[in-house]
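Below is a structure I'd like to ask you about.
Every chain is named by a letter (A, B and C) in the order it is written, and numbering of its residues begins at 1.
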Amino acid sequence: MKAGRRFATLIVLALALAMPWLLSQSWLNTLIIAVLYAYLASAWNIVGGFAGQFSLAHGLFFACGAYGSTLLEQQEGVNPWLGMLISAAFAAALGAAIAWISFRRSLPPLTFALVTLALGMLGLLGVSSSDAFGGAGGISLPIGGGGLAEYRMPSDQATYYIILAHLLVVLAICVWIYEGRLGLYFRALRDSERGARAIGIDVLGYKMLAMAISAALTAAGGTFMARYLLFIDPPTFLGLDVVVQSILFAVVGGIGTIFGPLLGALILVPLSEALRAQLGSSFSGLYLVVYGAVLVLVIRLAPGGLVGIVYRMRARGSPGRA
Amino acid sequence: MATVLVLQAALQGLAIGAIIALIALSMTLLFAVCGLVNFAHGDFLALGMYGALLLAGVGVDPYLAAPAVLVVFVAIGALLFVVLVRPVQRSGLLAGAQLTLGLVFILENLMLIGFGGTHQTVRNVLSDRNLSLGGLVLPWQLVVAGLITGVLAMLLNIMIAHTSFGRHIRAITQNPDAAALMGVRINRVQMTAFALALGLLGLSGPLIVGQFTLTPDMGLDYTLRALIVMVLGGLGNFVGSFIAGLLVGVGESVATLFFGGAIGAMVPFGLLLAVLLLRPTGLFAQR
Amino acid sequence: MLQICELEAGYGQYRVLHGISLHVDEGEFVALLGANGAGKTTLMRAVTGLIPKAAGSVLLDGRPLADDPADIVQSGLVLVPEGRMVFPRMSVRENLLMGATVPRAHAARTRQLEMVLSIFPRLGERYAQLAATMSGGEQQMLAIGRALMSLPRMLMLDEPSLGLSPIMVQETFAVLKQLHASGLSLLLIEQNVVASLEMADRAYVLENGRITLEGGHAELMGNDRLRQAYLGL
């Protein structure tokens, strides 16, 4: 990294670390959600953007992390951090299995999206009607009872730092993938599966890998969400809301880029909160109308994502470019 | 289980299936002709139903309201196409999906603001009347809704198969460049298809509104079912979607009878999964 | 009849055509030769309005050609595209009817259908058959027949011999000669140099988006560069 970029990165990092002291409590909570979605969107982007495989099954992985760590703690007394790792591993296996079933027959992208949609919805319906997972009512986590070592977050600041750490980890992984050979292979199979196969890339294997990585990271996010909300239920964790929002932020920010999902989440989540603060009292739901209108406007004016605008501005600014 | 009950469930499922089929056909018009995955499809249907609610408030029976809502929706469709859809088309499927997702937020919450979140029902001239055939009892309005949507779906298919406009539509779905080179005015055909698709939703809404309870977020279920049926039918296969719709309707209804609502709701998704993994092109390979 | 002046076109920032100028007079049979990637198909897409022109103009009978593909067909300029592009799940009959979409052609479709079937009797035999189930040669016949249904005053063909067996290539070219003899102006785009030069009145050579050679049969066959590049002589 060039010196200028390194400096800028340090500034951003310092700013990020200082946030708990700069923001009010409600804004800090908004930021926590924004960072969580930046994390989830970036995790999704690994399989959806880098590898170009549009998965709508990520609710399953998210729920894996949430239900897995919670049930392991409640029924087996497993430390939630360990539970997180175990659930993540399970989610990775699940993701790889889904990829394997889907792609050993070389399903086209739209069909894969629908298969994963069906799987996600089946998961939602299944868990809702099964008592083993707490049924439709969900599971509550008791408040208190331990500190960070038991993945209990004593304050909003601690919560923020934990999710920030998650985000930094996922961004580091994204950079490592993107700039490395793995990213090259992902892009190859995304842009031309036939071509990738022709030069000997194990398309099925890499798709499974992308899904596994994405699934594991998403599961960890699910564990965090469970520890944050102290409540898990099928609609919140298995419903389409989480995965659709993640995809939305990734697409609006710039799908397939490293920082696009981050940008998308950091802009849209606070925006939606700000709108709710302003308009929430007048007509309930008005802020969402405006939010939807913003989405429509963005896609109408910047179909390539917000990152595309940033690149275009940079290109225009530097001399000697076309 | 008594055969009468099974037959009854099957017939009800057939009626519901016809409704789903029409919705799926209209979604196919949007996907195959205009290249748009419409996540707001069910929400437009819901909007039509709320429109019937509105008109019922001033004493207009939903069956009479249907043509009026149809006209309004055709106009809305044409407008939406020109202002929002056409500019975004060239940016690909994903951009269109994002657009319709934004519309979901807008529509659902406009309905929430306008009509409130509580469950509402609309009565029509056939409410509470049942058709008795032998041991079978079926709500008249379901029968009527099923028949009308079924006939509309068949008419749509006939139009697509046997008129020159239908041929233009099929040409665009099979090879848009070739269609353009033959002199098909792609924009015009797409706009007409779009307006027609939305018009069908506007017509269906008031026709079926008596049978269901209205909530602002009811659209998603219809969107998902239509999507599933569209894919099962073969993504652009109009006849296939019709048949698939009937299958899904009957399947869900009968499964609910035997296994309960939770399992019944899973049937469309399970069916989709099974078909996609065994026959990725859908149940009906030919268009 | 057809005049292309300094035409430039491309895809996004990527410019493929760098100032193409060529003309086809009424009743002429002109060939445009070029290897893969020379820009032949891009030229066809730009002329028929499928992609926008970055610069330059196209005139038909001295008047600017329309931008909209449908208007272009209506004015009598018809393309048989590369790869034939028949509608796979339509029958021969429906494919041919698609050719008669524009109003001018639609009015004359019954008469034109008879004419096309007399030129291509095999299409009549397969009238109800789906285009996708036909062989490459038959699809080529169908594509040309379909183009004829549009009542062309000038026909452009993009690599009709591609993927065809030698016998089918001969048949196709025989039809082209027949059409030329009946007065139709033709612009043939081909990689098949020898056969094209034999049939055509004149030819151009397209290389990397530019016209590099122009002339009649004798001049081009006598050109060393051409012979080296295409004939390996």
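As a convention for this text, a residue touches a chain if its C-beta (ideal position, glycine included) is under 8 Å from a C-beta of that chain, and two chains touch if they have at least 3 such contacts.
Nothing here was measured: the structure is a model prediction, and the numbers come from that model.
Engineer: Find me the chain with the mean Cα position closest to the mean of all the protein Cα atoms on display.
Structural biologist: Smallest centre-to-centre distance to the global C-alpha mean: chain B.
Engineer: Suppose chain centres are the mean of their C-alpha atoms. Which chain sits farthest from chain C?
Structural biologist: When every chain centre is compared against chain C, the largest gap points to A.
Engineer: Please compute the C-alpha centroid of chain A, do the same for chain B, then give the distance between them in whole Å.
Structural biologist: Distance between chain centres, rounded to whole Å: 32 Å.
Engineer: Approximately how many whole Å separate the CA-defined centres of chain A and chain C?
Structural biologist: Roughly 51 Å separates the two chain centres.
Engineer: Measuring centre to centre with CA averages, how many angstrom lie between chain B and chain C?
Structural biologist: About 42 Å, centre to centre.
Engineer: Would you pull the chain B residues touching chain C in the complex into a rising list?
Structural biologist: Residue positions touching the partner: 164, 167-168, 170-171, 174-175, 177-185, 286-287.
Engineer: For chain A, which residues are in contact with chain B within the complex?
Structural biologist: 101-102, 105, 107-108, 110-111, 114-115, 117-119, 121-122, 125-126, 128-129, 240, 244, 248, 251-252, 255, 283-286, 288-289, 291-296, 299-300, 303-304
Engineer: Please name which positions on chain C make contact with chain B in the complex.
Structural biologist: Within the complex, chain C touches chain B at residues 48-50, 68-70, 73-74, 78-79, 81, 85-90, 94, 97-99, 101-102, 105, 146, 150.
Engineer: Note which residues of chain B are touching chain A in the complex, please.
Structural biologist: So the residues of chain B touching chain A come out as 84, 87-88, 91-95, 98-99, 101-110, 112-113, 117, 216, 220, 224, 227-228, 231, 235, 262-263, 265-266, 269-270, 272-273, 276-277, 280.
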